[in-house]
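The same chain A turns up in both complexes below, where it pairs with chain B and then with chain C.
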Partner chain A sequence: MTESTGGIDMDEESSGTVKKFAFINRKAPYGTIYALESLEVVLISAAFDQDVSLVFVDDGVYQIKKGQGTKAVGMKNFSPAYRALEGYDIEKLYVEKESLESRGLTEDDLVVPVEVLTSEEMATLMDEQDVVMSF
Partner chain B sequence: MGFEINGKTYETDEEGYLVNLSEWDEEAAKYLAVEEKVDLTDSHWEVINFLREYYNDYQIAPAVRVLTKAIGKKLGPEKGNSKYLYELFPYGPAKQACKIAGLPKPTGCI
Partner chain C sequence: MLHIVNKSPSERNTLDACLRMAKKGSTVLLIEDGVYAATKGNTAESKLKAVMAKDIHVYALWPDLEARGMQDTVIDGIKQVDYPGFVDLVAENKNVQSWL
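== the complex of A and B ==
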């Protein structure tokens, strides 16, 4: 049943260690590959049963904005995939309050339920992580 | 690479997955199943249709663990387990069933 981890040997000691991972999404969903790459890494990381948090700050909040029309830019709208994260047991999604407000957005504009944190609370959250990856 | 059925051509990648997902139809599924040495039964179609719905909703192919759990929720625990799914798709339900359903290879599938 370890199709997704096939070929990777994890000894008992390392497979028992759960680390806190935070993936920080800072960029708009299209125009660069960062958002999609981050999502792929997050989906893969789910197979390793780690404590994963997703953070959306700056233009990264647009990644989970409702109503993305991508036809004109010739890209696939991959925002529905964020709604699949729950099925991957990734349920800690955080959005920075200041980033939302400065873009005129509220929680109602987002495709998934999130926890809104102030910039200060976000700093604390990142401080608690073992690994922080920024995209 | 690709194949042709009744004058319609289907483009595939080097691993045999459909390149244009919108080209998928039941004929393509039947062809891909023969390639995978799978005899399609109603039980297979149930999983294939489930995968197509999942992809339609989320735009990704689920990892096998996620597929198993989601099938269990929708079709009942007797089907939401890896034994049942591996019996239907012996070379890996995620890889094989996704290919026949015309989905991309699941992310994180090695």
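== the complex of A and C ==
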């Protein structure tokens, strides 16, 4: 995606800076607007060719649970969008092991391939970031 | 009496408050993010099973379960209702407490 910057004309100085961004998702989808808002910001960040990581902890792991069907509640099911992130060069998705386990979930219950990290590994990942965005 | 809980048990403590104050013979309805409590493996599972054994009836709103992809993991003994069923529960009970 080097040629595509979403129509934004980037000059020499700014185009050379790649920062490590992590989006921390901690809330379930549908009950609040946080999950959808996070996804929108993540998609925007893709236009700027940054080093983006998506993190799912606590109830955030429910965002990528398989089998969501929102017809009866009359809301938009945005879970398929997580599978499209790869096409925007967002390929680093991390899930905390403890969050999955305390909800009776496993990696097989998720709509996208993720890397499962322990709390300690997650702490290190967060510590390495230049920018952390919390949702 | 009907008790309604709409928040995830790992997000708020409203389910705990509800279960502490729900009397024998009363009904608890889980809606919105509250339905996560009704799923197998959730940390709330043992708490719900304990109150169900004490003649407290637990329901979950299936449109909310389905929206969240949790329709296949509901704890045995929890009854699922749709929107008309929700209305029936409200009509059948003499009063309602929403644990917001």
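Operating definition for what follows: the second predicted complex is superposed on the first by the 125 of 135 C-alpha atoms of A that agree within 3 Å, B and C clash if a C-alpha of one lies under 4 Å from a C-alpha of the other, contacts with A are read in each partner's own complex, and residues count from 1 in each chain.
In this text, a residue touches a chain if its C-beta (ideal position, glycine included) is under 8 Å from a C-beta of that chain, and two chains touch if they have at least 3 such contacts.
Given the structure is predicted, the values throughout are model-derived calculations rather than measurements.
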First, second, both or neither for A:47, with chain B first and chain C second: first
First, second, both or neither for A:87, with chain B first and chain C second: first
Partner chain(s) touched by A:102 [first = chain B, second = chain C, both, neither]: second
Partner chain in contact with A:76 - chain B first, chain C second, else both or neither: first
Contacts of A:133 with chain B and chain C, given as first, second, both or neither: neither
Footprint overlap on chain A, where chain B in one structure and chain C in the other make contact: 77
Footprint of chain C on chain A - complex, ascending: 27-32, 58-59, 62, 65-73, 75, 77, 79, 102-105
Sites on chain C touched by chain A in the complex: 6-8, 10-11, 32-33, 36, 39-43, 45, 62-64, 66-73, 82
Residues of chain B defined as touching chain A within the complex: 57-60, 62-66, 69-70, 82, 92, 94-95, 106-110
Contact footprint of chain B on chain A as seen in their complex: 1, 3-8, 40, 43-44, 46-47, 76-78, 80-81, 83-84, 87-88
